[in-house]
Each structure stands twice: as structure tokens, then as C-alpha cells.
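Two complexes follow with chain A in common, the first pairing it with chain B and the second with chain C.
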Partner chain A sequence: MRKLLLSVSDGRGFDIGLVSVPLAFLFAMAGLPLIYNIVMSFQEVDMFSLGTFARPFVGFKNYITLFSLPETWPILRNTAVFVIASIAGQFTIGFALALFFWTGFPGSSWLRGLFLVSWVMPGLVVGAIWNWILSGDFGVLNYILREVGLVSGNIFWRSDPDFSLWAVVIANIWLGISFNMILLSVGLSAISQDLYEAAELDGANVVQRFFTITLPMMRSTIGAIIALGLIFTLQQFDLFAAITAGGPNNSSNVAQYWAWDMSFRQYDFAQGATISVIMIVFVMIASVVYVRSTRHEVRG
Partner chain B sequence: MTTHQIELAGVNKYYGAYHALRDINLKIRKGSFVALVGPSGCGKSTLLRSLAGLETISAGDLVIAGARMNGVPPRKRDLAMVFQSYALYPHMTVEENLTYSLRMRGVGKAEARRKAEEVAATTGLSNLLGRYPRELSGGQRQRVAMSRAIIRNPKAFLFDEPLSNLDAALRVHMRKEIRALHDRLGATSVYVTHDQIEAMTMADHVVVMRQGVIEQQGAPLELYDRPANQFVAGFIGSPAMNFVPARAGADGQSLVLDLDPPQTLQSPKPVAAGRALTVGIRPEHLQLSGEADAALRLPVGSVESTGAATYVTTATQPELVIVLNSRVTIRPGETLPLHFDPSHLHLFDKETQVRLA
Partner chain C sequence: MDIRKLALIGALAVAGVSTFHASARAEDVKITVWSLDRDIQPAPNLIKDFNNLKNGITVEYRQIQFDDVVSEAMRAYSTGQAPDIIAVDNPEHALFSSRGAFLDLTDMIAQSDVVKPENYYPGPLKSVMWKDRYFGIPKATNTIALYYNKDMFRAKGLDPDKPPQTWDELVDTARKLTDPAKNVYGITFSAKANEEGTFQFLPWAQMAGGGYDKINAPGAVKALEIWKTIIDEKLASRDTLTRSQWDSTGTFNSGNAAMAISGPWELDRMVKEAKFDWGVALLPLPEPGAKRSSAMGDFNWAIFANTEHPKEAFKVLEYFVSQDNRMFKDFGQLPARSDLAIPSSGQPLKDAALKVFQEQLKYAQPRGPHPAWPKISKAIQDAIQAALTGQMSTQEALDQADQKIKAVLG
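And then the complex of A and B:
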């Protein structure tokens, strides 16, 4: 007992004590709901059994039902398109902007800070603004496209099944650019200027420097950002709620919105939980990539 | 065909209103080892970076191997630089670091590899080619940085305080190694350092800078023997030269030192009577003498012995330092009879601090 007290006052016990508090918090607030969700996906749940944990287990029945639904595969496909297109757009534009601000023209750091405004705005507000921009009749996006001559008639972004998903993708790219840009800027500024000077003297031109110094030195940052981007886009709910509500006819529905719809509008909690479990698998994969890429930092 | 590999004529550099380099004129012979030395902020690194093209000069001409290089980007100047931080590419192995410049020039893989092995053999890196910089010691990183420069066979080597991150023993060793390498390659080298000993021991030609101005340039011993002004006199040599304010005697042949207690010396050269001067004498040039032929009699303040030499600090105002290369028993409070070779006395104008011819 004395030994235990001693270790708490000045040894490993103290470290364990410090770690255990957030660990307990995490377990209670994130771990338990996660487990509860997984358990629920193997149970039969309805409005009346919601209050109890003792519900009939049905094995994989929920999963089998889910994949027999006609909308399942299109929605999963939408989710993949949404995630890939959003990350590609956010990353490419974010990286381009990060490189642009990195040149350090007068006022660059000030302007870069302003970009964060888009990221601190609530998704619902962003969605409302984009609703106006994307509006079929009086939207400014249609106006620009028409004036440039890219389209002849108005595109009804939110109600045309061919465009509804892309309406949310565009808004989500706009929302995520600044986050990507800031993280990539941090990665860029961590690269020692000496390396560029050495490469310059070694005869590398701008393009060669980008591919032989910048990109390889940014590898861990890029890995982390893509993994975080995957997690954030899979979490993106507000924009769907604000812009298309998954419609028309599920053409812009994605797994995260569908899970909410299943659980809290159709009250099919088991199906909602099942969709969530499938998403957890993907987020887990992204987390592994994230942890691995931050561990493999290459710094002189 | 000029024998000057690098020529700077009337080079000036401004950072906004700050005048970083003032009228730099410098000619660097092919095959010579030139050291740029001075206190921090003197412009020596700016000058080196201007040579490399990492800074643009505001005025003047920069000529490398006969071609004017003012606006030419660094990658087209064919100069190799060894950075203070080494600037090794952390994500590349030693071999990839060495061959980087060759690959950028489109040299074939096999050829690059052969050259890397060749250079590595001469710098003792042969069994480290597969390692990453983070797996190397400080001295080994230094060698990689050097090898990366050597492999290109450039028009000149630029060194930016390459030894300042090494410990003292390794620094002395690398000093010799760099100089030996320079001689073996027949290279032209420009070496920036704040350490005057490095400059004196390594270079053929030393350039002393202060506040963007070249105070003096010449062979190391020339700077030691005939410093052009009080700054160079104080900067070159360790421990630093003693300076004593003085006034020429009425006869123009003697110097009255403003020491407490005052002393009178025979002037090595005639000076206008009453002229205010600063007299300089190096600590190693003051020697013990017999009572009879003493030129100076100074009270002892403190004594430090390193075994090889004895450092005496006098109890005068200002303090003088004397280095005696013998083991002598001296106690604080004694009065030391000293003499010196009059040619070792340096006279500087009090106002301009310039050496009297």
C-alpha cells in the first residue's frame, strides 16, 4: 500500500493517474456509445425496446436487410463520390493556396488568416449561403456560368438528380479549403529554407524543387490531411441537411445522412446503427493511415 | 583569360534602407582559399550568399570565371555551397544526397552511382552510402555536405561557417581536412567564419569585414603584422592586442602612455609632438627583461597559467595582458620589468583609428 502511494506521489503511478482521467472520459463519452451502437446493429430495436438494453439478438439480419434495400448501393456509391471529390477538391485547391501564400508577398499571412473565416462558420450557415449561390433561378453561380458561356440554360443544382450531389460537394470543398490550406501551410513552413537553397545551388529548378524537396518532405503532412479529410467528410452532415436533404429521390443521399434519417426520422434504430458501423470501419482505416503518417515524420 | 575566378567590383547591397554591403572590391585568384571573417552582422554571410546568388546585389559587378553573373540564378552559377546547418536532404540517403545535383542535371543512374562511390571513398563515407542523415553523427554529416559539393566539380566552393556546429576537437581536425581537400582538388574556395583562428590557419587570403565594409584584406600574416586599423588589430590575434591611449612627447620621439601609473616609451617612428594616439602591442610580444633594459615596468594584477604559457593581467588602467611562453613564478603585486621589439609596436590615430604609416 505504501509502495503504491509512493509510486503515485513520484513515479509511474502518477503518470498512469494523469493518463487515466482522459482515458476514462474517452471511454465513457466515446467508447461506450460506440460499443452500444455496434451491439444495437445486431439487435432488433423499435420504439418500445429503445429504453432497455435487453433486446432480442438477430445476428446479421440487419446487415442482410440493409444490403437488400434498393437504395443501399447508390447511397454508398454517392458517399464514395462525395468523399473522393471533396478531398480531391479541398486538397488540390488548399495546397495551391498554401503554396501561393507561402511565397510571402506583403499581407500574405494576414490574408491567410482571413481564410479561416470559412472554416469557423457553422455548416448550416454555409449551407444557407450556398443555397442562394446555387439557386436555379437567381443563383450567382448560374449567372457566372451563363455569362462565361459554359451553359446555355439554368442548372437546377439542388433539384436536378444529376447535380444535387455535386451541389453539396462544391459547398463542402469551399468549407474545407481553409483547413487544408492552414495545415499544409504549417507543413510547408516546417521545411527548412536551407534545403531549397541547397537544391537551388545543386541545379534544381522550381518544378524539380517541388517534386524532390517539397512533396517528399510533406509526405507525412499530406497523409495526415487526407486521413483527417476522410474523417471530416464522412462527418459532413450539416450541408446535406441545409442544401438537399439527401434528395431528390436519394440522388444526393450519403451514408452519414442516411443513418440519421433511418434512426431519427424513420425510427429504424437498428438500421441506423448498422449504417454507422459500416462507416466506423472506414473511419478506422483512415485513423490508422493518420496515425501511421504522423509517426513517420521525416525531419532532419 | 583572367586568373581571377571570382571578381567583385563596387558591390553594394541594401535591405531597404539598411546598407549591408558597401563598395566591396574583391578579386579571388583561381585555386586560392579566401576567408571572409568578421563579427556577426558584418556582412560576410551576405557577401557569400550574394556570390551564390541567394541574395541579389543592388549595385556593382559580380564576375565568375569571366562571365558577369549579376542576375543569373544560383542553379546556373555552378558554385557549390556547404551550409552551416549542412542542409542535407533528410528524406534521401547519403548516396541520394550526393547524387542529387547530378540527377538534376540528367546524369545517368549508373554514372551518378559510380561518382558517388568515388567521392565517398575519398571522404571516408563508403560504408555509409545507404544511411539517412538522421543516422549520422555531426562529423559524418559534415563530410556528406562536403562530398555533395565535391561531386559536382564546381567553379568554386562556398563555405558558410561549416564547422560551427562541431565540437572543438573535431573542428581543429576538420580545419585541416578541408584545407587538404582544397589543395588536392585545386579548388577555389570562399570560406565564411567568425573565428579568426580558422581564417588565419586555413586561408591564403583573409578578408576582414565590419559593418558591410572590407576593413583589410591580405595574407594572414600580413594582417597580423601590419593591421591597417585598430579594428583589424584587435580582431586578428588571440588573446587580443593591448591598446593604450597615448600622446606623442614634445620631442616627437617619445610616447607618453596614458596608463595608471603613466609610462614613457621610445616611439618606433617620429610623430608630431602632442598628437593623440592609440598604442597597440600584442600580449605575446611583451617579454620579461632584466631590470636594466626594461622598457616598461608594470604592476601585476592577476596570473593564470595553462602550463604551456602564463597569462599575466596588469594592475593598470586600462589592463594589459601579457603572454609569457615560459613557466615563471609571478605574484600579484609585483612589478614586472618588460621589454619588446619596437617594430612590434603599432600606432593608430586616436580619432580615425587608422594605422600610422
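And then the complex of A and C:
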């Protein structure tokens, strides 16, 4: 008995007690809804059975119906294109900017701070503004492209099936750059200057220093950022709602917007849950990458 | 804590208890109403007036957001916390009435001196019906017609008193009015992939003998063909596919489109913003003498089936109906009734437009009614978008929509 008390007040029991609080919180706030969602994807759900748990189970019927829809594969492909292009753009530009500000010219630190403004803005506001920029007839983007001489006619970014997905990608890249840049800047400043000085003495040029010092030292930061980027991009909903609403003809529709449309526009909650489950699988993979790449960052 | 503070708290507590007593008189029946009306719109104001009558019924109001109406109502109903009265969008009315969630009002309406079915336009009335019984009362109504810029008609040598009457004339007029050098499109409307697209397209299909249950009828195919011509020949902006009716009509107001298809909700803004002479015409027909049709929008009142006070709730609805003559003057909305004369607003353009909309309302038809309307509507939106982007022919697109709709209709 005394041993148990001792363990609770200062020992393994205490540790378990501390861990169990956030675990219980996580389970109640994230675990239960997740399980509920998965259960729902195997049931027949409509508006009238939403309030009860006793719904008929239909096995994999929701999944079979989903994959027999003509729009399913194009939408999943759009999701992949959206995620890869967004992350590639956000990361490349974000990294370039981080390196640029890292050179430490006068005023660089507060300029870098200003970049965060884009991250602070609500997604719907960003979407509404990009909606104007991308507008076909009077959009600023078309005006610039025309004046520069890149295009002769207007591009209907939002309404041309060849461009609609890219319209959202452009807006999303803009939105994500600052977040990438700040995190990468933190990673950069953690690299010891001694390494560079030593390499310089040994005659390594800028490119060599970048590939042999900067990139390897940043590996865990980069892993974390890409995993976080994947999660944020898969969450991106506001921009779709504000710019294209998934149209025209689903050419810019992605899984996350589609799940909402199924559940709250067509009231097909089971189908909506099914799409979410498919997305959960991808987010899980991203989470594993994130956890692995940040694992050795534990500080005592 | 000193004695003065204690006294103050005591006084506050007493005051709190007494106001609590005053607001909840034991004999009052409490009725809750949910709608999406804001403070300048009908519901909250009518409720305030109703409560001032002090007739033993106290109404409590809660505003809900447009996107949440159905999901909130369903959640509340299935957990037994539904309000007594709700305002629901007319194409979603059947979803509730078909499942017995709304109270059958047929007998109460038959005995009522205030609510008389014959006073209503047929379209709105049909939207509250399910299997020949009344499950609600139309709250307000709207429809769409053709706005046109009379100054632009004159500039292009067209007669401003002869707006296009047929589809062919409409396309022809749009061709004449389109002026890319001046950034002017002939016409603007909305083919957006949401309910607005269906709302705008169905009247065209119905005028030509189609409908949601026969969406691939030859007339409907021709209607979509006309839309495609308008988009392909750049008589309307390509952004028609992703722009709402409100945003599209905005380009008409700013002089970037010579005609616009939209509803009476545009009137107040147009009076303020449009710096030109404009008029409203009935929707053009497929050919002279064809059957007219139009869309029918806006909300219906309904009483939830599990209300504890059906009689009192109906009394509240009767009061709302009795105030229908204030709808346009005070709130800029059209009552769904053909027996009311709407007083002049003092704006000649607005009054003239109102006459056209009232005429158009006679031909307005509800979407559905069908409990799975959102799915039917989605099939129609997909077809419109697939055809207008050129990914399918109009016939193929509407055939596919027909298949999907037949599967829903069973």
C-alpha cells in the first residue's frame, strides 16, 4: 500500500497520472469522434437517424458505392495534385525566402515578421481576395499577365476546368509560404556557424556548403514541415469554398470539400464519413512521418 | 467582504429574481421560432410586435445561418429539442414533411379565417404540400426574370420597350449587345454548381416541356444548347460557371453586362447602384406562345410535429400571415399571395419591375417537391457544368443526369 502511494506521489505512478490526463482529453476530443466517424462509414445514415447510434450496418456498401461514382477517381487525383503542388510550391518558395532572410541584411528580421501577416488572415478572407485577383474579366492576375505579354486573352482561372484546380493551388501556396519560411528560419538559425566557417576554410563553395551542411542539418525540420504541410493542405477547405466551390464540373473538387458537400449539402452523412475515413488514412501516414522526424528533438 | 458589498449583491440578486418572474409569467405558453431572418428582416420584427399583443403566448426567436438550417433542425428534431416553428427553404420542405417531422396543418387551415389556400400563388403553395396535405405556409416568395439595360439597347439601335421574347431573340440581342472592346457582355446569369444553377436552369427546361423528372426531354436539351451557345460565343462571361446570381448581377449594375437573369432581391441594390435606365421583362420563351414558367424561391413556415402547443403555434403563424401586407414595404420581400395589392414604393423603376415579377410569379414552379431534392439538384448541376465546359455533349450530360435522377425517384 505504502509502495503504491509512494509510486503515485513520486514515481512511475505519478508519470502515468500525468500522461493519462492529456490522453483522456485526446481520447474524448479526437479519439471518440474518429471512431464515431469510422463506425458511421459502415452504417446507413440519414438526417433522421443522426441522433441515435442504433443504425443498420451495411458493411462495405458505402465504400463500394463511393468507388462506383464517376467523379471519385478524378477527385482523388485532384487531391493528390493539390497536395503535392501546394507543398512543393510552399516549401520551395518558403525555403528560398528563409535563406534570403538568413543572410541578415539590415531590417531582415522584422521584414520576416511581416510575412506572417498572410498566415494570420482567415482563410475565407484570403479566398475572397484571391477570388477577385483570379476573376476572369477584371482580375488583377490576368491584367498583369497580359501587360507582361505572357497571355493574349483572359484566362478564366476559376471557370476553366484546365485552370480551376491551379487557381486554388496558387492561393494556397501564397497562404502557406510564410508558415514554411518561419519554421525553416528557426531550423536555419539552429545550425552552428562554426560548421560553415570550417567548410569555408576547407574551400567548399556556396553550393557545396548548402548541400553538405545546410540540407543534412535541416533534415528533421524539413521532415516535420512537409508532414505538417500535408496535414494543413488536406485541411484546406476555405479556399475551395471561396474560390471555385469545387467546380466547374468537379474539376477543382478535392476530398475534403467533397466530404463536406456530401454530408451537409446532399445530407448523405454515411458517404461523407466514408470519404473522411479515406482521408484519415493519408493523414495517419503523414503523422507517422511527422512523429518520426521530430522524435529526437526531445529536450530534457 | 464588507457589509456594503454584501448589500449590493443582495439587492442585485433580488432584482434578478424579480425580473425573472416578470419575464416568465406562469400562464404564458412559450413558442420558439427559428429562422434565418436578421434584425431588419420579417421574423424578429413580427415576433416583437406579436409579443407586444400580450395574448398569453410568448414567442422566443433564434436566428440560424442559411447553411445550417437543415442540419440544425434535423439535429434538434432527432434529439427532441426542436423548436415549435421553423422557416425552411422551399425545396427542403418535402424532406421534412415526407418523414412526418412537420405537423399536418390541413385541418387547421380549413378552419382558419386568416390562412386561405386560394389566396396564394400556386407555386409556393405546392411547395408546402406533400401527398395533397398542407405541411406549412409560404413565408415569402421570389422568382427570376430578365433585367435589361435600356441605355445599352438604345446605343445599339434596339427598341428599349421591346425586350427579347424568345430564346432565339435573346441570343440574337445578346450578340448585338456584346462589346468586348468596352468590356460589355450581352448577358449574365448563374450556372454555378450549387442550388443556384438548378434554380436558374429549371425554368428553361420547364418552358420547353422538360422538368426535373424528364430532364433529358428535347426541349431541355435545347435549353442547355442555348446556354452553351451563350458561353461558347462569349456572350456571357465564362465565370458564369462559378459566380453566384448576386455577383453576376453585380456586373450588370456596373455596366459590364447588358442583360441579367435574376430575382427581385436585386431591386434595392440596383436602384442604388445602377447609373442607367433599366427594365425587367418576363423570361423569354422557347417559341412564341409556349407555356411560361419560372423558378420559385424563398422560405416556408412549418410547425414541428413534436410541438407541445400546436394550436398556439398555429396562432403565431396566423399572425405572421395577417402581416403579409407589410412584407414588401417594410422588409423588401414579396408575400406569396396573389390577393394582396402591393403599395407603391415611390421608385418608378422598382414599381415597374415589381409588376413584372408579380406577373412572373403566376408561372413560378417549385423545385420538387421531393424528399431527396439535393441529390436531384446535384445531378442537374453536374450536367449543366459538364456540358458548358465541353466535357460532354448537352444530350450526353442530360441523359446522365436523367439516369441519376431516375435512380433517386425510384
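By definition in this document, the second predicted complex is superposed on the first by the 290 of 300 C-alpha atoms of A that agree within 3 Å, B and C clash if a C-alpha of one lies under 4 Å from a C-alpha of the other, contacts with A are read in each partner's own complex, and residues count from 1 in each chain.
Quick note on the criterion: a residue touches a chain if its C-beta (ideal position, glycine included) is under 8 Å from a C-beta of that chain, and two chains touch if they have at least 3 such contacts.
These numbers come from a predicted model, not from an experiment.
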item: Touching partner for A:Ala204 - first (chain B), second (chain C), both, neither; value: first
item: Dominant contact partner of chain A by residue count, chain C or chain B; value: C
item: Partner chain in contact with A:Ser192 - chain B first, chain C second, else both or neither; value: first
item: Which of chain B and chain C A:Phe48 touches, first, second, both or neither; value: second
item: Which of chain B and chain C A:Arg265 touches, first, second, both or neither; value: second
item: Which superposed partner A:Thr244 touches (first chain B, second chain C, both, neither); value: second
item: Which superposed partner A:Gly136 touches (first chain B, second chain C, both, neither); value: second
item: Touching residues on chain B, where the partner in the complex is chain A; value: 52-54, 73-75, 77, 79-81, 83, 85, 87-91, 100-101, 104-105, 133-134, 148, 152
item: Contact set on chain A toward chain C in their complex; value: 47-52, 71, 135-138, 156, 158-161, 164, 243-251, 264-268
item: In the complex with chain B, residue positions of chain A that touch it; value: 192, 194-195, 197-205, 208, 212-213, 216-217, 219, 298-300
item: In the complex, chain C residues that touch chain A; value: 67, 70-71, 74-75, 77-79, 95, 99, 101, 183, 185, 192-194, 237-242, 251, 256, 374-375, 378, 382, 385-386, 388-389, 391
